[in-house]
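Okay, so chain A shows up in both of these, paired with chain B first and chain C after.
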Partner chain A sequence: MNSFIVRSNSWLIKNLFSSKLNILLSFCAMSLTIYFVWSLSIFVFISADWKVVDVNLRLLLLGPFPKEAEWRIWISIFWVAFMSGITYKNISRFQTKHLFNISPLILFILFLINPVNNIMITFLLALSLVCLFIGYNLPANRIFKLNQNTLNILGWAITLPLIVVFLKIFGGVETTKWGGYFLNIMLAWVGIIFGFIFGLIFAIGRASSLPVVRYSCTFYIEVIRAAPLVAWLFFAYLVIPDLLPDIFANKVDIALRVMIVLSAFTAAYIAEIIRGGLQSVAIGQIEASKALGMNGYQTTSLIVLPQAIRAVIPALVSQFIALWKDTTLILAAGLAFRELLGSGKSALAQFEFIGQYNEIYMFIGLLFWIVSFGMSRLSFSIEKDLGLNQEG
Partner chain B sequence: MSKSNKIIIKADNVKKKFGDFYALKGVSMEVHEGEVVVILGPSGSGKSTFIRTINQLEKHDDGKIIVDGTELNDDIKNLETIRSNVGMVFQQFNLFPHLTVKRNIALAPQKVKGISQDEAESIAMPLLERVGIPEQADKFPAQLSGGQQQRVAIARALAMQPKIMLFDEPTSALDPEMIKEVLDVMKELAASGMTMIVVTHEMGFAREAADRFYFFDEGLLVEEGTPEHFFTNPKEDRTKLFLSQIL
Partner chain C sequence: MAIIIIVSTLLLRYFVIKDFFFRTNKRRNYTLQGIYLILLGLISIYLFVKASKLELGFDFLTNEAGFALANQWLTDYSPTNTRINAYLTGVFNTIRLVIVGIALSTLLGVLVGVARLSSNWLVRKIATAYVEVIRNIPLLLQIIFWWSFTLALPTIKEYINIFDIVLISNRGTALPEILFFEGGVIIDIIRPVVTTSTNNVVSYTSGFVISTEFLAILLGLVIYTASFIAEIVRGAIQALPKGQTEAAQALGLNSFQILRLIILPQALRIIIPPVTNQYLNLTKNSSLAVVIGYSDLFLVSGIIMNKAGHAIPMFIVIILTYQSMSFLISIIMNYFNKKVALVGN
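Now for the complex of A and B:
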């Protein structure tokens, strides 16, 4: 304890008070921080009236999603929690077992505070925690006789299709009824996965030795990047139905169109990011691989791409985070959806809550921040695992 | 040094140009099975370009190259098979930085020959013992010294069980104290009967291990002969000048 104090003292002196200027800057920064945290706390705990969030919680999280179909979302959450448990064990380098050992305690507290005043939801939240716990403790790789990495990749690869099945099976929910935070998550998820897959394809295509392939990929990338996302969303909403023959026009689901636009848009940017990564791989790597007798496909997939993608993980994650926040633009394009931000505006239009911007936007901000921060942490931990990052 | 009469590499009037510039202006050479050949020459004389035509990292523009009975030309279908019979060691090591030492060695056998991962990795350990660093198997290349990296690179090439090994200035990027450990591995390899073409300026090694010397200048093979010949009475002035500079 004593030595800790000494150490932290010297840390303080070295990092914050080493010169007059540093003392001044530290003082200003601390005052600002304290002021900010103080006024925020006052607002959050005293002056804010969270009733607007409480009453509209369902609207914010799910939009017009039918109540009787909520189980579909819960099953999806259970699965994601289960997969997270499996993966967490694998990617975490730190001994975090204790976190899971106190999970009964967390469950108990959860029931005690009953956060959303609804014992059923609390129970389901607890069940998700249990799924996480099971995933973490299950020797899944031994059960399925797969190595841990393959298991993770396979597991997450089937997650999205599985969720779509959960949502659609036995007369599921129309996509026009998707909404709120859930809609943002689905759109971003689809956009990230397909944006990445097609981005990869376009990046490789742009580096191809076949001129036709190369020029078409370049053309695609340049065209997509020439217009803002909002314009492409308009295009999906208004132009595509006019272009399609009448029989198809109403068949192509609007949500599907939005997902295609988000994926196609993201793919162009991802392609350029990955192209940068491809250029950073030394030519000697390709020569060494070829000299060993590996063919073009093996060289690209085993030698070049792993190094290229590693080099651009930070840029990729920035792009994913940008896409995550861009999912709110489907509102700006006037689509028939109410995602989180749109739901927030609906809530604010309710007579009794008029003017409660702060509460609503703070809550929405928090929800967006959670996912953005999670992605940024995930990228740090991946980089750390690959030995690329020393800080963070 | 256990030379046979079989000619395993035959280059006939090989030319290579980059743009309008001829890096090779017609080089002919015959290498017998088990022979150790050292190529000498000033920088830019075409030494690298020449040995890189032998595994077709550079396509030659003219002339004929026959490796182990197969002529290397545009019709060739299984370039990969030829390449896996010819190992190459580079000046800059070119180890795969994202793979452990063991995976570096096991990858090509596994993927090219289609054997299992376990089997491929069981090839890796004896090779690491052969080059003297079995304890580094699970490290990444960046954690190794230059000399160790180059020894891994040799082990990686050997894992494909090549008939021929090409070395392009394998010790030029090394700190002086690490050169010997790499040369020792190469000497052992030469003594084991491997056919080797080595571009190097390490005359001690060359004298001890080589069967024949070839001297390149300006894209041409200027002089060839036994090490004896080069050390005692080289004929060409350019050879003499070069040797006086490096010896």
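Now for the complex of A and C:
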């Protein structure tokens, strides 16, 4: 006991009260913390009226999505939970610390269960947890006779098309009816996948030895990066229908236009990031692969790209996080399309909830924060696994 | 479309033509580029034909604007002026926002970045929490939140008075106005005053008044960008060899001197390129002012497009404006970068 006091005392002296300046800083910081935590907890537990979130939860999460078609989303959630189970088993081979990475997810689910008080939803959420455990415990690689890694990549690759199929078969739901948090997730997902693919192509194009290819890729990248994303969304809204052939013009609805713009915009930034990675690959690597008799395609795909992408994973993930946050910009571009923030604003326009912006914005902020923070933690652990993190 | 062509050219290059068509690299490359160029040309012609059915001239900019703008700086704009004047007002508003935003976010960012490495446990944790929370929440949400916050401030009749120096209300924030003599000598400082006129209209009558929209967008941009700059500063300081600090301690410098004389000058070399990127992001993010009605260049051009159409020429103007602002920032930052770079590099 005595030694504990001595130890904690020495900890306090070392970390908080080592000098006069530190004592002053500690007291300022402590009063700031106490004030902030106090007023925040007063707000969250006493003064806030969470009814606005409770009543509008469906609007915030799904927007105008038709109620009778909700099963489509539940099937998608089950599938994603199943895949998460498989992946979780793969990444957590020998370590339990990765549990920390999916803890935001579990927190999120707990948070959702609490305010709803709906037996059906709780049951379905429990079912998705069951799917997660099935995915975790199923010897899927033995059933499909596949390598665990291949299974993962294959599974996640078909996830997005599968979800689109779930949303479209048997009548389906029009994209104009998509909304809320679900829409943000779909937009970010599509943007990340297509942005990455096209970004890769543009990066290779920009590093090409053919001047025409190089200059046209550079031109594209620089023009896209010149204007802010809001401007491009606005541009897509106004101009794309006029520029497309008449047969397509009617088919390209707002959701598709937004997806095109998000992918095209992200592609330009990702191309720049990957270009940095390409430049970091030592020239000796390329020469060595040529000496081994590899052709240009083999050199790029087997030698250069793996090293280049590995070097820029942190930057890539922060670009994905930026895209995730940028899905809110549809609101700024004035598109008639209700993603999470737009839904929040329309919830605030309801007569009985006018002025309760603190509650709504805090809830929306939390929903965005969970995903961004989870992604940044995931990138951190990937960096660590690959040995990229030099800080230790 | 261009993407499909690049893909198909690459495929063509690798699978068909390589062993089949041409034997030498040079001829193959020229042919491929020729095909690529022709396809690109066809697409450009198609786009041009499509676009030429729209309005492409720039003369709509010289017409009368016909709308009022709330915020003005350096320009003397009225609705009877031309659309160019309106646009320039927006440009100046953006420039004002960007300059103040860059200055404040650098200050806050460096402060938080240093605080993240403080020897004081509590300060370190607060800085970490700030960065982790702010960085992961969309900027647009933050701007809208600050806007609601500034609108919920007390009315001008019950303004908050901080030592007669800053007056805060939902009509704006008033700071003391500093009058300069020629040659930069301060001749007078006018305190902000709120007065009630004879017909019961309460307003700021003196002082330098910052509008609510400007304050909201500035708060949003500064707090958001500072969290990114803080991470850059932290990374740069951590990248310095530990021996630098130890040597400075051995010389008897105190911690503030170590920071100012040893750490920051060296860290600046690593900091400047990524921070330049953040400044460019801030410039582009300033277009989010459109959601809260601060009349920056994007809001003004949006109004012009709504009133007059002409989306394509207006977009060319927008892109050129943002690009030249980015270019200017890059030039200035490159100048600084050269100044702090190691001699011989």
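Here is the rule we use: the second predicted complex is superposed on the first by the 326 of 392 C-alpha atoms of A that agree within 3 Å, B and C clash if a C-alpha of one lies under 4 Å from a C-alpha of the other, contacts with A are read in each partner's own complex, and residues count from 1 in each chain.
One rule holds for everything that comes next: contacts are C-beta pairs under 8 Å (C-beta built on N, C-alpha and C of every residue); 3 or more make two chains touch, one makes a residue touch a chain.
This one's a predicted model, so the numbers in the text were calculated from it and none came from an experiment.
Enquirer: Looking at the superposed three-chain arrangement on chain A, would you call chain B and chain C a clash or a fit?
Expert: fit
Enquirer: Return the chain, chain B or chain C, that is in touch with more residues of chain A.
Expert: The larger set of chain A residues in touch belongs to C.
Enquirer: State whether A:165 touches chain B only (first), chain C only (second), both chains, or neither.
Expert: Neither partner.
Enquirer: Draw lines from the C-alpha centre of chain A to the C-alpha centres of chain B and chain C: what angle do they form, to the nearest 10°?
Expert: Here the answer is 90 degrees.
Enquirer: Have a look at where A:130 lands relative to chain B and chain C in the superposition and call it first, second, both or neither.
Expert: The answer is neither, since A:130 touches no partner chain.
Enquirer: If we overlay the two complexes on their shared chain A, which of chain B and chain C does A:307 touch? Say first, second, both or neither.
Expert: After superposing on A, A:307 lies in contact with chain B but is clear of chain C.
Enquirer: Can A:378 be said to touch chain B (first), chain C (second), both, or neither?
Expert: The answer is neither, since A:378 touches no partner chain.
Enquirer: Just chain B (first), just chain C (second), both, or neither: which does A:69 touch?
Expert: Touch status of A:69: no partner.
Enquirer: First (chain B), second (chain C), both or neither: which does A:290 touch?
Expert: first
Enquirer: Could you grab the smallest C-alpha gap between chain B and chain C in the overlay, to the nearest Å?
Expert: Minimum C-alpha separation, chain B to chain C: 6 Å.
Enquirer: Across the two complexes, find the residues of chain A that touch chain B and also touch chain C.
Expert: Residues 295 of chain A touch both chain B and chain C.
Enquirer: Quick check on the complex: what are the chain A residues that touch chain C?
Expert: It comes out as residues 15-16, 18, 21-22, 25-26, 29-30, 32-33, 198, 201-202, 204-205, 209-213, 216-217, 220, 223, 226-231, 234-235, 238-239, 242-243, 295-297, 321, 325-326, 328-329, 331-332, 334, 341, 345, 355, 357-358, 361, 364-365, 368-369, 372-373, 376, 391.
Enquirer: What residues on chain B touch chain A, complex-wise?
Expert: Touching chain A: residues 55, 57, 80-81, 83-88, 90, 92, 94-98, 107-108, 111-112, 140, 153, 156-157, 160 of chain B.
Enquirer: Would you tell me which residues of chain A are touching chain B in their complex?
Expert: Result: residues 282, 284-285, 287-295, 298, 302-303, 306-307, 310, 386-387 of chain A touch chain B.
Enquirer: Of all residues in chain C, which touch chain A in the complex?
Expert: 2-3, 6-7, 9-10, 14, 18, 29, 32-33, 36-37, 40, 47, 50-51, 53-54, 118-123, 126, 132-133, 135-141, 144-145, 148, 152, 238, 255, 284-285, 287-288, 290-291, 298, 302, 305, 311-312, 315, 318-319, 322-323, 326
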